[in-house]
Amino acid sequence: MKRNTMLTMVFTLVGFMVSYIPSVSAETCPVKGGTLVWGHSETTQNLYIHQTGTISTLRILQNIHDGLVTADKDLNIIPELAESYEVSSDGLTYTFNLREGVKFHDGSDLTSADVKYSFETLMDPDTGAVNKPVFNSVGSIDTPDDYTVIIKMDQINMPFLGRLAGLGAGAIIPEGSASIQGETPIGAGPLKFVRREMGNEVELERFNDYWDGPACIDRLIAKEVTEPTVRLTGLRTGEMDLINDIPADRIEEIKNDKNLKVLSWSHGVFDFVNLNYKHEPFQDERVRLAIDYMIDKEMLLQGALWGQGKIAASPGFVSSASYNKNLNQRPQDIAKAKALLAEAGYGPGDLKVVFKATTNYPYHVEAAQILVEWFRQAGVELTIEQLTWADWLSQVWVDKDFQMSMMNFNSIWEEDFLYYSLYNSTGGFNYRGINDTVIDELTEKARVTVDDGARADIYREVQQRVFDKVHDIVVWHRNSSFGTQKNIGGLDTLVNGDGATYHFHRVWIEK
Amino acid sequence: MAYIIHRLFSMAITLFLISIITFTVTNILPGDVAMMIMGTQSNPEALANLRENLGLNDPLVYQYSKWIIGMLTGDWGNSLLFKMPIGPILLQKMTASGLIVLLSMIIALALAVPLGVWSAVYKNKWQDTVSSSASIVGVSLPDFFWGIMLILLFARALGWLPSSGFVDPGEDFLLALKHAFLPSLALGLGLMAHLTRMTRATMTGILSQEFIRVARAKGLAERVVVWQYGLANAVGPVMTVAGLQMGYLFGSIIVMESLFNYTGMGWLTYQALLNRDIPLIQATVFVIAAVVMLINLIVDLLYPFFDPRIKLK
Amino acid sequence: MAATGDILSMNNLETKKPVVSINDLQVKFKSDGETVIAVNKISFNVHAGETVCLVGESGSGKSVTSLSLMRLVEFGGGEITNGSLVLERNNKQVKNLVEADASTMRSIRGNEVGMIFQEPMTSLNPVFTIERQLTDGLRLHTNLSGGETREKALQLLKEVRIPDPEKRLRQYPHELSGGMRQRVVIAMAMACRPRLLIADEPTTALDVTIQAEILALINRLKHETGMAVLFITHDMAVVAQMADRVVVMYRGDMIEEAPVEKIFSEPKEDYTKALLAAVPQLGEMAGTSEPRPLDIPGHETLQKNQTKNLTARQETVLEVQNLITRFPVYGGVFRRKVANVHAVENVSFSIKKGETMALVGESGCGKSTCGRSILRLVEPVSGQILLNNQNILALNSHELRKTRRDMQMIFQDPFASLNPYMTLRDQIAEPLKNFGLVSKSEIEDIICDMLRKVELPLGFLKRFPHELSGGQRQRVAIARAIVVNPSLVVADEAVSALDVSVQAQVLNLMMALQDQLGLSYLFISHDMAVVERVSHKVGVMYLGRLVEHGSRAQIFENPQHEYTKSLMAAVPIADPKQRNISGDISFKPIPSPVFPVDQVIESPIYKEVETGHWVLTNK
Amino acid sequence: MKNLKKLFNPKGLIGSTLVILVVLIAIFAPLIIPPEYATRMDMRARLSPPDFSHWLGTDQLGRDLFYRMMLGARTSINIATSAVLMSLIIGLPLGLMSGYFGGRVDNVLMRLVDTLLSFPALLLALTISAVLGPSMQNTIIAIGIAFTPYLARLIRGEALRVSQMPYVEAAISSGATHLRLIIGHVLPNIMPVIIVQSTISLAFAILAEAGLSFLGLGTQPPEASWGLMIQASRDYLDRAPWTALVPGTAVALTVLGLNMFGDVLRDVLDPRSD
């Protein structure tokens, strides 16, 4: 493979790769040391990064593990444990050159054997790895020497590198450590796992031999506090240095508190209202359109999230090149909705819809309650069924037994992962039963389109199609937030490009 | 001795029934364990694999015997949610909950016994009215309402005590007590009200008995008559009721621990239920039922120490 | 000896100051805002060495009077509103207890005035040892050391003649029999050598032999210490045995006060007369063969038509043969049957039409179980019961239900034997409806007729049981039993819970009904005097066995079995001239009727000592 | 009955007044107040404290807490009553049979009941409602089943006690059939206990409904129920305590009324107490 071919293929990526390394290395810690107490909004579960499917656990694990490649703030793919990589012109061979002198927390050196081990256990069906599909086209993994890994694909799969950079898919664990990862994860990341008191707190400490320079803080204690008001109290009393997920209605309050500061961003999480195609009335485009017209997205955002977000018509990351900026949400128009329903044969009171909302996202329940009012005005009777997360997953996600629902996705920035999974008729996340041949063709085509610009165009087209056909009603990109004490620095490095996971490497505490 | 063996034997049968009920109920729980493990980022192939690996496709009887043999041999399996052996988790969470259950029982008894006795001594006088009214109000308030009030008062308004969290008593006992105090107090107040009513009723009965008159006729002071002659007879019944209330306490901690973010058995059970972590649900439900039963057995076996009339036959 | 002692103390009466003097006592109770005067204008004295009996029926205020003396009445919600209670204290000073403060009262209670209560089963604290309960009074009132109080406690137990006193000190009350417990209570009351002993119905709950023991003990202690005794009782026979002087009370008022002989020989007040008339006296039926109604002043004595009964009493109504009823005792790891309570053991007897057969014995002897076994309210183990020649034990449940019409029961507790949620009309009508005996239109007539028969006003029909007095309830129970014209009525302690005057009325009613209807009674009772009065035939039960049975005259005038004799000897006679309670009496305690499963029980062998008079000869 | 006057002592008066008030509200509030008042939102008046336009303030969606409380009464009372009725329908025959007939059936039933009693009621209700899924009907079933063993045990004990009373033996002697004994004698005599216990169970059922809703497994929004209102208030406790205090007080007063009423009823229904 010739180097310049690669450059044309992944031009933008290489450019950032070069600029990335010095920028981080140049950065030093203004203050070193201290224990950072983080009020974490969720409970960590299985700590084996390749098995865990929840963002909450990844937020911790992303600090313990580094991947072969990663994504920067603007979602460009950059090397991490790999010093550089090359993709062959046919898109079938990936060569990674590993960084030398990288150490795992147990003191061992990172070699190509560890990479091979990590990926092969990941691909083993018995592992039950969530990211196994990322490796679906991988034919073989070769390690010609200690610092070179060659991955050969059976067929072209352009999203491979992007997927490898997200959700811990490319995380490398020491050879033979799979069995202990669940309880005592070991990686090559900036923080080292110390202990977990289940349901209570996780403690990490600085890994002094980290390849990119040791972290600023000595210790990170992530207290698992699911009750938002309790987290808030912890922050107020100084018991906690920073907390994520400030209750939406309290952000203004924290902003006005002179001892505290707020970090908030609106990329990473989008919410959409789902209509099930298996439910007969929703097969009619006019009904779907009518429902879109019933919803005042800005009002819904105010009601459910106290305005903490930005209304948007596309699920894509605004920062990504493929984002379709031309889409505008339909305004609320009850009269039009009524007319559309009448046209579809549903007079007032004819349509009765059950809305399954999960208590895992209380604001979905709030949103549903607001929808009930608008639907009533449009002559549709909406009833709510609250489901626990487990019930929602099994009923809506697996059994597709629902009429209407609402969901949010976070951190899915890789376009194939996002659009193919959600909208291709065979997509893994297509629980609405969307079957649109145009979208199927577009998403398949994107997989083998080598040119970035062309791929971005295709995905913009997909977004347009979803909007036109009202396959889903995307409502907003939700704000995520951190509340911190005034003396916490380096916050600009805290949130990863996916908008959902955090990196505490360069966060520091002023004395 | 034969009695104790008989009780243990009968306990074994009850435990067996408890295990069957637990197993049956958890197996008809809707929701897919494999799905829960993988979350939204899963795929059908991996799911099928996982189901097979978890033994979810085995016949129920086989699953049950595997489970019960595991429970008996100390292999309680792994939590699907936390990917950790269940035994140590339960031990840790049981300690945490044990602390608030015990503390709330102590608070409840320390308040209820004097109040109940006071009430019985001054039956139908204003002292009784005050104490009876307080206890009926106490019984009537939902315990999480107590919890909310206590959080508002002690944690928010006064800032004296932490409103949430759990600290391992092994690490810092005083801090652990501080964290356990509010949930215990909230639980204890509801329980206290119940026990006060019970103590009052028992003491009223005892104080109208002839031996109390005899004690007075001996010239003993009221203090001795009530607090020694009377109370010694109330210990048994009050302990029995307190034992029976353990069931109520272990139910209430589910709400209370969730409210106070106190990660004990109640929290664990709730998490397990929400996440359909079947092995964990089975273990927690089984352990709670077994512990409740065991506590009552212990109270029964201790009864002869409070009341020499009761012989264990 | 006792008689002379009494005369001695009587002689001293005029010269000595009374130990306690009650003047114009009035006590009020408040409940639900209403004030009730419990006793009013009570005045009497008790002298040293004298026993004053306070006698009256329930509600007469006799217990309130005694409790007032200890100022214990206040703990029950009472208040002394008038009068004085003057006690001569140990230091010879005189103190009006009504004005005494709490600490003075505490120094008097248990020290200068001791008290014994009715229920030995409940008057000891079940969770403290005997030693603790005996010594805490001593520690309070004396300045003895720990060792000395223990010595003193031991000495007290010896004084009240408790066997194994060292062992008893370590025991708990439930490990002692009723009689022993009452002795302990007496020892407690006597601990500080009180000047006055108040005994509030101390023997009412006890069996007759134990009653005799306790009464004798109290008498002995009185003579030994010369204390004054205020003895409260409802039982005229006990009064006759114990009293020097008698105070009769009725509904809170003092009716009459006189020396005991005078009360019995020439009562002044009508109430006293009625009370005495209503008490059957053991031995007064000597020489007669038929039951005789009690004399109730104001009621005409019912005349019995003897000839009619004699002819009627030919056919056998009930024949009981070798009846055995046992209750299993479970134990061990697997709750197997480890022993049996032998409640009824090989009992045989028969009752003829119009006849009353009485079963007597002390508590636990199996007399009630025997009666209930005959009605199959408990299932016997074996035996034969022939009611009108029909084998009751062979009936299936359907036939049994039909046959129950012929055998009815009257229970001891009239409060519990009537369904509190049914009107009297429904209670009496129930058997008629259940057996489908009569048409609906006839029911009302029959019920009215029944009510007349049991001498209740017709207006009672719509009432509920709680609106009736005990005697009235028992009349309803009788009406319910006889409304179906049964051949046999089992009356299980049917009058034991009633006051004597009411008891007399109910007994007379039962006898009158027997005359009218030709009923056969199985009359189960612990009261020998009542049995003597009402029965034709008597069986004495002991440990589940019939130890002796025969005609009333044979049993009462010529008792043969040891147990029958001791039972007779223990019964107090309602005549102060025949005092049989004196010195130290000690009867053999009744052994346990619990036997291992494999215990071999010998069949009873009876000897016929005279015609129809059978005595058990083996154990 | 003479006892009736006990209903008019202070405790009886407070208790019955509260109970009657709540029942009246449960029946008439939905007839007087348009049901949409409970769900009508006002985004400009979210979490507003009590004032003239909203007597008891508003919740996080600007819904009037006074109307929600009034209209929520029916939901809470409905669930509690149905659940207690259900546990009675199952528990009464079981307890009666077990206590009356005794023997093997009694042994087996009571062993089962004892086993069920080892499970804390709330845990049982929680598990059942997790099995059945959340809905008002399933909440009723869950609470109903969870309460059944308690009721069955109590009724069994009472039936056993009453069947040994002399008046039952007298009725046997009077030729009464089993049916007549159970219906005519045992049942009427355990009725007071059942009524009193049902009153107190009602109180517990209201608490249980609140507890289940608090954990998100009870009534479904936007339906107003007191438990659900308390649950919704959790996140706004320190900012808007009235959101918790309003439904909390409603629950407390209802339960208080039921408890006091039950206490007094116990005295009133006891024929021996006068």
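Labels A, B, C and D are assigned to the chains in the order they are written; within every chain, residues are numbered from 1.
Keep in mind that, in the parts below, contacts are C-beta pairs under 8 Å (C-beta built on N, C-alpha and C of every residue); 3 or more make two chains touch, one makes a residue touch a chain.
The model shown is predicted, which means the values in this text are computed figures rather than measured ones.
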Can you list every chain that touches chain A and also touches chain D?
-> B
Core chain by centroid distance, with centroids computed from Cα atoms only | B
Which chain has its C-alpha centroid at the greatest distance from the C-alpha centroid of chain A?
-> C
Quick one: chain A and chain B, Cα centre-to-centre, how many Å?
-> 41
Could you put a whole-Å number on the gap between the CA centroids of chain B and chain D?
-> 22
What is the distance in Å between the mean C-alpha positions of chain A and chain C?
-> 88
Taking each chain's centre as the mean position of its Cα atoms, how many Å separate chain B from chain C?
-> 49
List, in ascending order, every residue of chain B touching at least 2 other chains.
-> 30, 156, 259, 273
Give me the residues of chain D that touch two or more other chains.
-> 130, 133, 234, 237-238
Who touches whom among the chains?
-> A-B, A-D, B-C, B-D, C-D
Across the complex, what residues on chain B touch chain D?
-> 13-14, 17-18, 21, 25-26, 28-30, 136-137, 139-142, 144-145, 148, 151-152, 156, 247-252, 254-255, 258-259, 269-270, 273, 281, 285, 288-290, 292-293
Listed in rising order, the residues of chain B that touch chain A in the complex are 30-32, 35-43, 45-46, 49-50, 53, 81-84, 89, 92-93, 155-156, 159, 162-166, 168, 259, 261, 263, 267-268, 271, 273-276
In the complex, the residues of chain D that touch chain A are 36, 39-41, 43, 46-47, 60-61, 130, 133-135, 216-217, 220-222, 234-239
Contact set on chain D toward chain C in their complex = 165-167, 169-177, 180, 184-185, 188-189, 191, 271-272, 274
Which positions of chain D touch chain B when the two form their complex?
-> 111-112, 114-123, 126-128, 130-131, 133, 203, 207, 210-211, 214-215, 230, 234, 237-238, 241, 244, 248, 251-253, 255-256, 258-260, 263
